[in-house]
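Letters A, B, C, D and E name the chains as they come in the text, with residue numbers starting at 1 for each one.
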Amino acid sequence: MSLEELAFLVLAVVAVGTGLAALLVRELVHTILWVSVFFVDLSAIYFLLEAPFLGVLQLGVYAGAVTVLLLFGIMVTRKRIFSRDAATGLGPVPLALAAVTFIFLVASVGEFPSAPTTLQVYDPSALSALLFGTDGPWLLLLGIIMMSGVAGAIYLVREGRE
Amino acid sequence: MTGLPVADLLVLSGALLAVGIFGLLTRRNFILILIAVEVAMNATILNFVYFAAFAPTAAGLSGQAIAVVLIGFAATEVAVGLAIVLALNRIKGTINVAQATELRE
Amino acid sequence: MFPVLSLVLATLLLGTVVTFVAGRYARWVALATSIVFLAETAALIWQYPGWPGYTSGAVPGFAFQESYAWIHLGWLQVNYTVGVDGISLVLILLTAVLQIATVVYSWEETRRPGPWFGLVLLTCLGCVGVFVALDILLFFLFWEAVLVPMFFLIGYWGGPRRRYASLKFFVYTHVASIVMLVGLLGLVFYSGATSFDYSSVYLAGHGLMTVTQTFLFLALFFGFGVKFPVVPFHTWLPDAHVEAPTGGSVLLAGLLLKLGGYGLIRWAVLILPLGFHEAQPVLFVIAFATIAWGSIVSLAQRDLKRLVAFSSINHMGIVLLAIALGSSLGLLAAVLLMFAHGVVSALLFMVSGSVHHTYGTRDIPSLGGITPSTPVLATMTMVGSLASLGLPWLISFPAEFTALLATWDGLAYWVLLPLGILVVTAAFYIWMMQRMLFGPPRGIPETVHDLPWFEAAGMGLLVALTIVLGVLPFLLVNLITSSPIAGFPGP
Amino acid sequence: MVLGLLIAVGEMLSPGTYVNSQFTWLHLAGSPGTFPNGVSLVVGTLVDPLSALLLLVVTVVGFLVMLYSIGYMHQDRGLPRYYAELSLFLAAMTGLVLSNNLLEFFLFWELVGVCSYFLIGFYYEKPSAASAAKEAFLVTRIGDVLFLLGIFIYFYHFSTVGPSGGWAANGFVFANGTAPYLPVVSGSGSTLLTVAGLMILGGAAGKSAQFPLHVWLPDAMEGPTTVSALIHAATMVAAGVYLLAITSVFIGFTSTDQLAIVAIGGFTAFFAATMAVVHPDIKRVIAYSTISQLGYMVLAVGAGFAMVGLYHLFTHAFFKALLFLAAGSVIHAIGTQDLFKMGGLRKSMRVTSAAFLIGGLALAGIPPFAGFWSKDDILGAVYSQLGSHPLYWPFFLLAFAAVFLTAYYIFRAWFLAFSGDHTRDPTLPHAHEGPWVMQVPLVILSAFAVVAGLFIFLPNFQALLLNGAGATGIPPVYGPTDLALSGISVGLGVAGIGLAYWLWGNGRVYALPEDSPLQSVRKVLLHRYYFKVAYDWVGLRLVYGISRGADFVDRYVIDGTVRGLERVFGSVSNGLRRAQTGAVSDYAGYVIAGLLGVFVLLLIVAPYLLSKMGGG
Amino acid sequence: MDASSFIGPFVPELLLLGAALLIFLLDVLGIRRNETLSTVAVAGTTLALLSVLGDLGFAPLSVFATLPANVIDAAPSTTGLYAFTSLGLIFQGIFLLSALLVSLASASRPSGEKGAPIFYGLLLLATVGMLLVAVATDLIFLLLAIEVTSIATYLLVAYHRREARSLEAAMKFFIIGALSTVLSFYGASLLFGAYGTTNLVAIGHATGAVGYPVLVLLGYGFLVAGLAFKVTLVPFHAWAVDVYDGAPSDVSAFLAGVTKKIGLFAYFLVFLGPVLYLRTVGGSSPFAGGPIDLGGTLTITLAVLAVVTMTVGNLLALLQKEMKRMLAYSSISQAGYMLIGVTIGTAPAITGATMQIFAHVLMKGGAFLVVAGVGALGVGPLIDDWKGLGTRRPLLGAAFALMLLSLAGVPLTVGFVSKFVLFSAAVQAQGYYIWLAVAGLLNSALSVFYYARVLKVMFFDTAPAPSTPPVTDALPAGGLGYGRAIAIGFIAVTIVAVGVYPQPILGAIQSAAQHFVVVGA
């Protein structure tokens, strides 16, 4: 087992573990902690996959902005920061649904070689060309989404008198 | 560089998706649901990234581009979700989705 | 050629629209429309050049044919094609007569006369459309278009349970139409017909395999059968009739049921001879069941309208039997009987309506001896009943006679069943008359007036027709036989 | 009517003339199968000896009854209706007689039926009248339906085997002397013919009130007496016999039919007479007598002597109308029909009394009155045919016995009504004769009742009968052929009169001892052999019961299924709606479940189905 | 590629974007009058609509055409993100029409409403997303375009930000929407993994070269489920009823009218390729020698979904007591009919489905607009609250009756034409497809029950004494307001006009569908 594989294995276990922990712990603030670890962990995986640009983005947007947003949300909606949430939906049915989904997904694993495959390495500049070029209005789209999202979100949370 | 096995990554993303779904189904706090969605979303982004990495040709680069866009999109989604959370919290005083069942048969 | 049939449809359409908005003058507009329509019908019959006869491998001809492109999508070629032959003309005549009778009968309708007369005209428009349509979509369109005004007629102007009855009528018959539509679509697409036109479908339909024809025929039969209605799919009818206003019942029994018979002949029997042949046993069983059931159940009815409704089922059963025979004699009988039943049942429903609002009830046992107080009404009742039970010199007889003769021709001793049922039919009418018209007066309010002039006029028209065509049936028969049923090759 | 009389007289004067004209009433489409040239139903007139005979009866009796009605009905409210219906009846009857084919015959046959229906129910306020009218219509309807089938069979039969186009062109036209189709008939399948004959017999039995469809006629006496006289004695009820006579050309070919007709006729003649023996109602006694006499006619036709039957029809029409009108005169005078309330009317109503006596004598078959000639003819005719089938014997004997009963019951009625000193019920008004319009018909009919039988000695009349017989293809028998037979029958008649005199004469009222074994017989007879009870039971209990049951099934089983379907959909709908909990987690669960469902479909179900379908 | 050639094809989108920005600008400037904003929105959508119609080759409007003729229905590129098909343009037209009608009707909303700029802005932005869906040829582009609409509509539903119902609806919409988004993108990622591209044409054309059939099937499975959210297929439908119910009725009109249609167009784009492959190549597996027949399995799956959707939708609507929920369930069942078109995948079937979509925009959109208007008149949410409305307000009643009859598929309405073409196409396809027609027709028969019931309530039942006086008579046109009255009137007239003579529209759709099928294959 190569070093990459070992690292990946560790990161993978951590990812699943933190993801689960984030969704299962009862303290909401702990959730935020776990989920930030989860985001960082994924960022590490991206670095491992030779996609440093994405790794950085993941760190910035997810581990940074999104985590802060979520924390902010929890703070605003809770009287006390360390309030608990009862996971009332815990039961065999959601577990079974999630498990079966997983089983179906793993069903396709057999089609791929279990031996390590060489990774493609891309030039980040090629990526930026792709993103900002005129061939694909990706960012334009993203812009529209953000515009409507932000405009609407502001409207929603504004304490306007009607 | 020796690289990584595709299958393992597939299992990882599958597991993350399952975790996200599980969380979505079990939690009643809107923010937690939001987090569950994000966990699943990360599984998706991970998929794009590693399929880009394992792509046989350079065309796979678009996978990374997609991942970038998705990260941006996910952030917007969280923002919108939070806006709804806050508005809901203001009106109903709770963000427990199990208590918002006024619209039903 | 001048588009006469479109003119007829346009007349009715225009009349309907104007009537709707005419308010107080609605009845005059409706009457004028009806008269013009009748005149046009008369002109059509007058000018009808006759039916050219069968040519091997060709489509039976139609007169006054018009065809305009409507929807052309390559795989879907729908035209506005109309045309008539003897069968359609006879039924159009029936429509014209019933329309004028209904309009006159309901002359003093006070609840929203505009929509009332408008819907009556619309119903007739739909029926005429069905009778002239020579394109599957056009046919289906008119077929369904009849449902809506009737739904409103029953639901708004009807009796106490009108809401339930109107819904039941609408849903039940619509389900049937849907099955029929499957059949019609199958007919087009499985036969490889190049368009929805009758001619194209006719030729292509004849070329289908027996199995396909049978399935299609049964689907079509279900659609038409519910309209007939045949046992056991008849239960919408008594409810609809009992709750419908008189004008609605008249149109329902007089015209709507005829659509089923017409459709079966035009779109199933003539197009799918092999399927028809395979399905014949089924038709016979159902026809016999309908005949017997309608009559026997009638006998137990206390409500005059329900009684007439079940007798309609019985008569339509005979129509079905006549069609099922698949002989040209049988088809002739079927059309003749449809006309006869249209007139007679309309008359009887008018009678029920008048009895109801003269005496405040239609319950036969609680009435008695109404003859002295309302002799005209009683006379109408008698003529209607006697005609309905098949008395010679009245319009039903030539039809029933022909039907039974055809049955003997086709089924020999099975004719005993409908013949025996004739006795039961006579029994319930005669018994009804004994209880209601004769005997010591019972259940008669203090002040009873005989029929108002307009009701009497409406009925009188039908009575006159009943007698005139009963004595001189050849007037109709010659017209009917001027159609593909003459020399119908049989299944 | 006058025209009819002229035709009849004309026919009388020049027997053997045929008037036949027709036009097509209904031309039905031809089809390649059975009727290659289509079917023509024609309407035409045919005057032949048979129709002339009946025409004479219809017109004469009709005229006299009309005349009589002026007096009899003068105080009735519905007079216009009465005359309208009566005129319609006469028109229809004339049409029936002049019809040149079975279909047209049927058309008029039904029309006279409905006139009869209206006239029986003339006093429609009386529930019994309304009920009687219904009964008459329905019972004859049964016969009519059978008749219709008979028509179909003839039609079908002849048009199938006939020369191409022959029947198709002529429809139902029957014998006009040459009978071109006769050879065809004789060579064809007799089963069908037998059935057809039986069907015709059924029709005739309905109209002529033959057993077992006889029940309506006594009840039909609810109508005005004039109607009874004209329709239910002289003309309409005889139409059945006439029908048998004109179709005897077909019927004659099958012995089964003949036997059936003989059986029904002979049995009815006796059976009806027995009921007349005990009945207290003057009109009903005469009505039973009518049934009985019709039985004789049927018997004659069955035995193969159609013209003999018609001969009896001819005479019977006069004396039976006479009896009815006389009875009507009595009823008109004292307002009751109960024989046991009458008595001694001979003094106050001399004309009526005499008329009734003449009628009675004619009925009883006492020479030289009309009935003797014709009835003896029948008996003689049947006697001559006894050898053709052993089963003729019992019916011949029954008919013979009926002669005795006939004489007895009619004279019982005469004695009860007219003999004695005074009415038995003192409350009855004082009797007096009606106005002249009522008396004149009585006198004229009395004259006919005396002489009508003697017509047979007129050469023209004889020729008429002979020609008629020729048309029917049956050899005629006329006049008393066997003196011994006549003697016995006259003797029986006289004995009957004697018995009646012994029991009822001079105002006597015979009371059957309470312990007599005959009491039970009397009871059965008074209840008309419980036939009416049985019919009512079948009609009301059985048919109506079945019908009620069917109605129940219709409402709750068939329509119940429809409504049940509604309910099923409704409950499924409600069940599905319960899944709509409003909880978003549940919805998310559905989404995931749906996702898994899609996986199952895509990865498991669909490949399986595709492998089943074979790649399609 | 220079800027003008990039801008050119996107004129309609840019027009809407501009209008949206203008509205936000006006908001900033303090101009928030409902009528003014409505006018801007109407103008923007109208111009865009004219442009689209011009592009479609509608001669009188050719001056508005912005697309070079050779771009439309050009041979598909296996690399691009977008392409202009005439079917897509038709869908754009449908979307724009709906947006136009909703904007028009919203002119009658209370003029003092605070959120008017947001309402119109989001409406226009959502429409932009729809327009982009209609030109997408790339899976990710498609999904993102859908997200444009989604995000905007989440917020539109929450537009009544003071109403718990509205927010609850938005919450549900958002959660299920987000979940579905994840599923869709996950499916897209799997397909990307399998094919190495997200271009739909390339994916559609990919044949036996792909060695991961299970992965592909899973990918498609995720897409079926994820997109089914938008199409409201059962069992992905549960949100829709609550959302339509809780959202402002005008928004419901927009949602029911068009947002599910982008899902359907997405279905066209994503699944038609494989399904068509099945039909054109004649049933041989795209995975040469592989164990799984993609086209066949997809067809069967979609067929099952279609039948389940229409049946369950109808059954749910059957006993529904609330008007909006009834209409919502009816929308769900209608989605099932439309799916038949994709399942069969022939040009006739696409024509039928597109026609059905067009019809549904009119009927359901119109119905919700009426509901909104009637709600403003003080009529409650229950169907029973509509008692006697038809006789009290004959014109409005007639218009609504027309929409219901059209939904029920009664002839001479556009609803009949669409169903007729659709089911004809199913029968025409023969084979097992006829059972789809049978199922659809039986369902439409079932649906008649609840439409007729509403008619019954409106016309046959007599209202109790008018409990509450009309809330507002301030608005012209009998309390509806001109904008709404015009929109409703236009819809009613169109329903009949197209129902009577559908040839122009059907012909256009048919030829577009033909091109589309060729492109897709």
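Going forward, contacts are C-beta pairs under 8 Å (C-beta built on N, C-alpha and C of every residue); 3 or more make two chains touch, one makes a residue touch a chain.
Since the structure is predicted, the reported quantities are computational estimates derived from the model, not experimental observations.
A.B. asks: I need the common contact partners of chain A and chain C, sorted by label.
C.D. replies: D, E
A.B. asks: Could you work out how many touching-chain steps separate chain B from chain E at minimum?
C.D. replies: 1
A.B. asks: Where's the contact count highest, between which chains?
C.D. replies: After counting contacts between each pair of chains, the winner is A-B.
A.B. asks: By C-alpha centroid distance to the whole-protein centroid, which chain wins?
C.D. replies: Chain nearest the overall C-alpha centroid, as shown: C.
A.B. asks: Round to the nearest whole Å and give the separation of the Cα centres of chain B and chain D.
C.D. replies: Inter-chain centre distance comes to 95 Å.
A.B. asks: If you average the CA atoms of chain A and of chain D, how many Å lie between those two points?
C.D. replies: Chain centroid spacing, chain A to chain D, equals 101 Å.
A.B. asks: Averaging only over C-alpha atoms, locate the centres of chain A and chain E and give their separation in whole Å.
C.D. replies: Each chain's C-alpha centroid was found; their separation is 31 Å.
A.B. asks: Just how far, in Å, is the C-alpha centre of chain D from the one of chain C?
C.D. replies: Distance between chain centres: 36 Å.
A.B. asks: On chain D, where are the residues touching two or more other chains?
C.D. replies: Each of 577, 580, 582, 584-585, 588-589, 592-593, 595, 599, 603 in chain D touches at least two other chains.
A.B. asks: Provide the list of chain C residues touching at least two other chains, using ranges where the numbers run on.
C.D. replies: There are none in chain C.
A.B. asks: Residues of chain A that contact two or more other chains, please.
C.D. replies: 89, 93-94, 97-98, 101, 104-105, 107-108, 110, 112, 136, 138, 141-142, 145, 149, 152-153, 156
A.B. asks: Check the chains against each other and report every pair that touches.
C.D. replies: Applying the touch rule to all chain pairs gives A-B, A-D, A-E, B-D, B-E, C-D, C-E, D-E.
A.B. asks: Where on chain D is chain E touching in the complex?
C.D. replies: For chain D paired with chain E, touching residues are 569-570, 572-574, 576-577, 579-580, 582, 584, 586-588, 590-591, 593-595, 597-599, 601-603, 605-607, 609-610, 613, 615-616.
A.B. asks: Give every residue of chain B touching chain E within the complex, in rising order.
C.D. replies: These residues of chain B touch chain E: 13, 17, 20-21, 24, 30, 33-34, 37, 40-41, 43-44, 47-48, 51, 54-57, 59-60, 62-63, 66, 69-70, 73, 76-77, 80-81, 83-85, 87-88, 91-92, 97, 100-105.
A.B. asks: Please give the residue numbers of chain C that touch chain E in the complex, ascending.
C.D. replies: Contacts found on chain C: 69-76, 112, 137, 140-145, 147-148, 151-152, 155-156, 162-163, 166-167, 170-171, 174-175, 178-179, 181-182, 185-186, 188-190.
A.B. asks: Would you pull the chain A residues touching chain E in the complex into a rising list?
C.D. replies: Where chain A meets chain E, its residues are 104-105, 107-108, 110-112, 134-138, 141-142, 144-145, 147-149, 151-153, 155-156, 160, 162.
A.B. asks: Mind listing the chain A positions that touch chain D in their complex?
C.D. replies: Touching chain D: residues 89, 93-94, 97-98, 100-101, 104, 107 of chain A.
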